[in-house]
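For clarity, chains are labelled A, B, C and D in written order, and residue numbers in each chain start from 1.
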Amino acid sequence: MSKTDLTRRGVMKTGAVAGAGLAVPTIFTARSASAFVNEPTGGSVTLGFNVPQTGPYADEGADELRAYELAVEHLNGGGDGGMLSTFSSKTLDGTGILGKKVEYVTGDTQTKSDAARASAKSMIEKDGAIMITGGSSSGVAVAVQALCQEAGIIFMAGLTHSNDTTGKDRKANGFRHFFNSYMSGAALAPVLANAYGTDRKAYHLTADYNWGYTTEEAITSATEAMGWETVETVKTPLAATDFSAYITPVLQSDADVLVLNHYGGNMVNSLTNAVQFGLRDRIVNGKQFEIVVPLYSRLMARGAGENVKGIFGSTNWHWSLQDEGSKAFTRSFGTKYGFPPSQAAHTCYVQTLLYADAVQRAGSFNPCAVVEALEGFEFDGLGNGPTLYRAEDHQCFKDVLVVRGKENPTSEFDLLEIVEITPVAQVTYPHDHPQFAGGALGSCNPGV
Amino acid sequence: MDALLLQVLNGLDKGSAYALIALGLTLIFGTLGVVNFAHGALFMLGAFCAVTMQRILTLSYEVVDETRTDFLGNPLKVDVPYVQSWFGDSVGGGIIDWAVPISLLMAVPVMIFVGFAMERGLIKHFYKRPHADQILVTFGLAIVLQEIIKYFYGANPIPTPAPDAFAGSFDFGAMLGMQAGSIIYPYWRLVYFFFALAIIGGVFAFLQFTTFGMVVRAGMADRETVGLLGIDIDRRFTIMFAIAAVVAGLAGVMYAPINSPNYHMGMDFLVLSFVVVVVGGMGSLPGAVAAGFVLGILESFASMAEVVAFLPGINQIIIYLVAIIILLTRPRGLMGRKGVMED
Amino acid sequence: MNDRPDFSKHANHAATAPAYFSVWDLHAYYGESYIVQGVSFTVHEGEILALLGRNGAGKTSTLRSIARLASPQVTHGEIWLDHQHLHTMASHEAAIAGCALVPEDRRIIPGLTVEENLKLAQIVEPVGWSLDRLYELFPRLGERRAQEGTTLSGGEQQMLAIARALARDIKVLLLDEPYEGLAPVIVREIEKTLMLIKEQGITTIIVEQNAVAALKISDRAVILEGGQVVFDGSAKEVLDNAALRAEYLAI
Amino acid sequence: MLGLNRKDSLLFVVVICLTMFAPFLLNPFPEGSELAQFNAGYPDLMQRFVIFGIFAIGFNILFGLTGYLSFGHAAFLGVGSYAGVWMMKLLTMNVIPAILISVVVAGLFSVLVGYISLRRSGIYFSILTLAFAQMSFSLAYSVLTPITNGETGLQLSLNDPRILGVSEVDGSIPPANLFGLSMRDSTELAMGNWLFTFNVGYYLSAVVMLIAFYVAIRIFRSPFGMMLRAVKSNQQRLNYTGLNTKPYTLAAFVISGMYAGLAGGLMVAMDPLAGAERMQWTASGEVVLMTILGGAGTLIGPILGAGFIKYFENIFSKINESILHQWFAFLPDGLEDALVFMVYPFIGKGWHLTLGIMFMLVVIFLPGGLVEGGQRLGRLFRRRRKTDTKPGAGATEPAE
């Protein structure tokens, strides 16, 4: 078993203290002694991977953690280098970041804002993490992003799909590579119109919290622009486990499409229930009844089993993509762990690389330098084609995938097939688009 | 009208699950006086009996298919279940298809064992301890059981489909002479409802018509007097506990196809089940069952778009609201008796 | 205090046979309250003993202590029944040893029929009278055997409670307020039953507010006051001694 | 001292020392050592220790004294948090008004909930409080999103009006402060290989906790406290005497609700965010567990319980596989892997399992909670000391 010789902030501090002279018994160090918070002074730099390890998203968190470990390995020159070789920016050479060995600490967000912030704070205050990344829900991402802004740490969001993360809750120190509700709508609507026609009547079931609201808004406005009619939108409690009471009224409406703005366990259960109630066998207004799941996750598709077959949805990335970056990442992840990576793993891996590259290009770990390096950064070779990190809202703009549940999966990881790669131009929106209004980045905060 | 009928139907299966869990909780409350926070975990264990049976039946060996490749470009390894290769595709496939009903056979001994071990190993020592201690220890146990399941099965829901024979849904609309397809109800949910009725009926019959059941009923009503008649009620608790565990476990097995089991499904049901038990009335079995169905149906009604439009958020809080109203107007719940769990 | 006559002499003990049932220096608490404060007395086989005293004197607590119920908590003392030490037993063991308590409020078990209430008593050996014989003795119970026990009238419930005790093979019967709230006709009927029980050789301890009625059928009497024995003598003595009755029984 | 008896004074002094020297006590291991992982002396966790300590102390005033088991106490903490954040959004970043409004709002809410719930006792009371808290949680999560910001949680933004302050400073939200002293400010002290952090926010929380603890001692020892204990041991008897116990229990309920609000306000002062999940039943259950685990009805127990649970949550969850490998690196490879394999399920993502096992062990072997564990240790120690010295030497008690 390979030993990652992890040392924490401790050794760095020890070095610093020793350098200052052990003869002096006590040294008071005010925070302002360094240029920015947690400035790495030793031979290593610590990143904080804050993912759900308990609770319903624990498996997703585990996959994110695998990707982070892989990224650290590649940054430190281990393994096959993964996407380092396909990444258009060539500053990363396997010698860590700015010559410092990359180390990491992990924490458990529990998919709760409070716990996630506690965990992030512990990484910042105790372990001296210079960057926090991870998460598997928008609520957590927004909460941790705000914390990092206050603490003067860079936050590279993991899986967060709500418009708000780079909309009304955007922050100067926070960056999102993952796509968002608006992009899902923009990518899905034309495909849906193409497959199901433009005179459809849609019934929405929406998880009763922020992500649900933004997704519902994005999908309704995108599909209505195609000529669809929104018959009804119904909010379902997050805690609901059985959606039959929400599914049956669909039978009595004249809707011929059901849109499930649900994620995770909610999506598994609502989709399962909808299929149980025979919605997919219905013919309404002479048309076959259809179900749409705006945001797909492979792990959740697995939970829904047979029921996902033929159902459209969108996803940030899929391992079956054939570009060089995706192939390199899938090979390297698959060789190490024995199964293909999820989209959550992909976005987390890419975020780590993007951060490392930005530091390298800026020549400094200073958050403000990193922000500057990432803003307006254009790159390619990380799996979604040419991508822009937009300066105005710190959102990545890249191709979005429309996928469909596969009819004949060859394994439990091969559940989705790519229907269309929606080009980036089609999902780009102005940064002051109404669905993203109300936020302000503020200025970068180095923490001192 | 048919919308209301539909919601009654919807309430039935949720109500069945509430009723079955509440029934077991009440048995334990009523006879043993123990607040069992691990009861939801028993429901969850039942569901994972179904998952395990599915895993056992689909134990596979790998066959390399040279014509196809896997995600890394190597020849694809296809899993072939032993059962399928032994009995042929149709019979073997059929056996796998029926994994959930078959797992009932496994769940009974497993749950008896779990219930027995729990009572003898742990709960027994807590009869005379304060309720607070009982809560702490059973909550700890619930976490441990849950985490063990998570360790082996992961945190994701695991699809556990019903046999194909029950895959469709029943058209009440056509049967009642209404428009076809307006009131449909999945077969498996009907099965679940009747299964729940059978279990509830079985438990009641057992309590009503056996000597042991008579002792249990007497013990729930008045432990002191039962002791005065020379009966050591404590000794019979193990069996009571095992019965409650089996009821919860079977409820879990049959629930698996309705919603894919995950490791925290027990906790999701636990709090609501406590509310159901209290609303029904402490120590009253008919109360627990009635409250389970009533709350299940009310929850369905409250989710109707018309109701939510009128009272926003009512679908989120209906059960708790009803619980508050009932407890304030009927101090001991619907059918509770004086003196049970009031210390 | 010297002018108060000392009634607590154990004068008549030596004259009779060795005690069948005895309580020795019993102390018991309800939580913090000290209820039974060193009670001692004996009963002979086949005798009826009236345990008398005012409200709160500790009569019911003494009976409950003897039946080994969880409360009051006995902290000290011994209870012997036919060479068996009840004080070390749990209540169900005491019941098996032959001790039967008919509690004050009868405690007919709700939800059970008359017959089930009786059957419940015959689950554990040793059993006493058969159901047939009990129905013969209490025909009204036989008529209502399928009815829920708690729906019976007060008198019938009292009979059911006594019948339930007899359904077990008992050595000592502890009756707590058997006449309470009952019509005189029924009281007479119960008195008859108690005499019948006495004929069977069963020892009885009866706690009763209606001291005169209790003394009428009793052989001996023990009077409690403040958790202690203040009189121990023959029933006749109490009936004859008006001063004594006035002092401790307010009659 | 301060109107406390000798034993309580001693306890209070001990608690004062523990909280004031916490940055030292909680960082016993030198930085960089393998055991540094177990250090808890960083600001966030120390703040959590004392804040949840306040929450548990308050809960114990209700549960430990009256025996009423509230299963919805987190609602008051949550409501207090929301009020605190709104104060910071609208009025000022000074933490004093935020904390005060949290206490007041939580107090008012607990009057309402308590007045209704206290009409029942026993498990019925527990379910009523649970129902209120779950309703608050569900509504805060969904329908009340305009007030609570739903799932994301209520937080500050750059365009908050803030009447007595500024909306932003150079594009950043101004930090929460006490008359200009930022809660985030820390001073670090390096001694050899040890590094100690003294944080303004922690010391503010610690002082507040000490006051809360002192008030709790006074309540425990007051006639009011005696009356509450009487309610616990025999409510019926009290009712027979014609005494209406409800004002007393309601007062206890409101006091403990205000303690919860105080904790919520402090949480906001340390970290200006209020999320709905603070009100979920699991959060209410957590304070119940803290109190029972530490020792219900004892003064110090709840604080110990709070520390115990928060320590597990924050320290055990962060140990991952590579750290384990590092610990056991000195062993031969096979043995190392075997050990890591055995320990791994209990740490990192398995920390819940360890917590569950600890709950069970404590309640099985220490029926009085951690306090009883301490007493047993103390007795063991004292007995040994007594046998060491001569009989009769037990009279030599430490002078104050």
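Following the convention adopted for this analysis, contacts are C-beta pairs under 8 Å (C-beta built on N, C-alpha and C of every residue); 3 or more make two chains touch, one makes a residue touch a chain.
Note that the structure is predicted; figures quoted are calculated from it, not measured.
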For subunit C and subunit D, chains touching each: B
A-D against B-C, pair bridged by the larger set of C-beta contacts: A-D
Subunit A and subunit D, separation of their C-alpha mean positions in angstrom: 33
Averaged-CA centre spacing for the pair subunit C and subunit B, given as whole angstrom: 48
Whole-Å separation of chain centres (CA-atom averages), subunit B against subunit D: 35
Contacts with two or more other chains, residues of subunit A listed in rising order: 54, 58, 208, 235, 237, 239
Where subunit C touches two or more other chains, by residue: none
Multi-chain contact residues (two or more partners), subunit B: 316
Pairs of chains satisfying the touch condition: A-B, A-D, B-C, B-D, C-D
In the complex, subunit A residues that touch subunit B: 54-59, 208, 232, 234-237, 239, 241-242, 244-246, 248-249, 251-252, 265, 268-269, 272-273, 276-278, 281-282, 299-300, 302-307, 319-320, 330-331, 334-335, 339-340, 410-411, 413-414
Complex interface listing, subunit A residues touching subunit D: 1, 3-11, 13-14, 17, 22, 25-31, 53-54, 58, 61-62, 65, 69, 105-108, 112-115, 117-119, 121-123, 125-127, 137-139, 142-143, 146-147, 149-151, 164, 169, 172, 208-211, 213, 235, 237-239, 439-445
Residue numbers on subunit D that touch subunit C, as the complex places them: 233-234
Contacting residues of subunit B [partner subunit C, same complex]: 211, 214-215, 217-218, 221-222, 224-233, 337
Complex interface listing, subunit C residues touching subunit B: 67, 69-70, 90-93, 95-96, 100-101, 103, 107, 109-112, 116, 119-121, 123-124, 164, 168
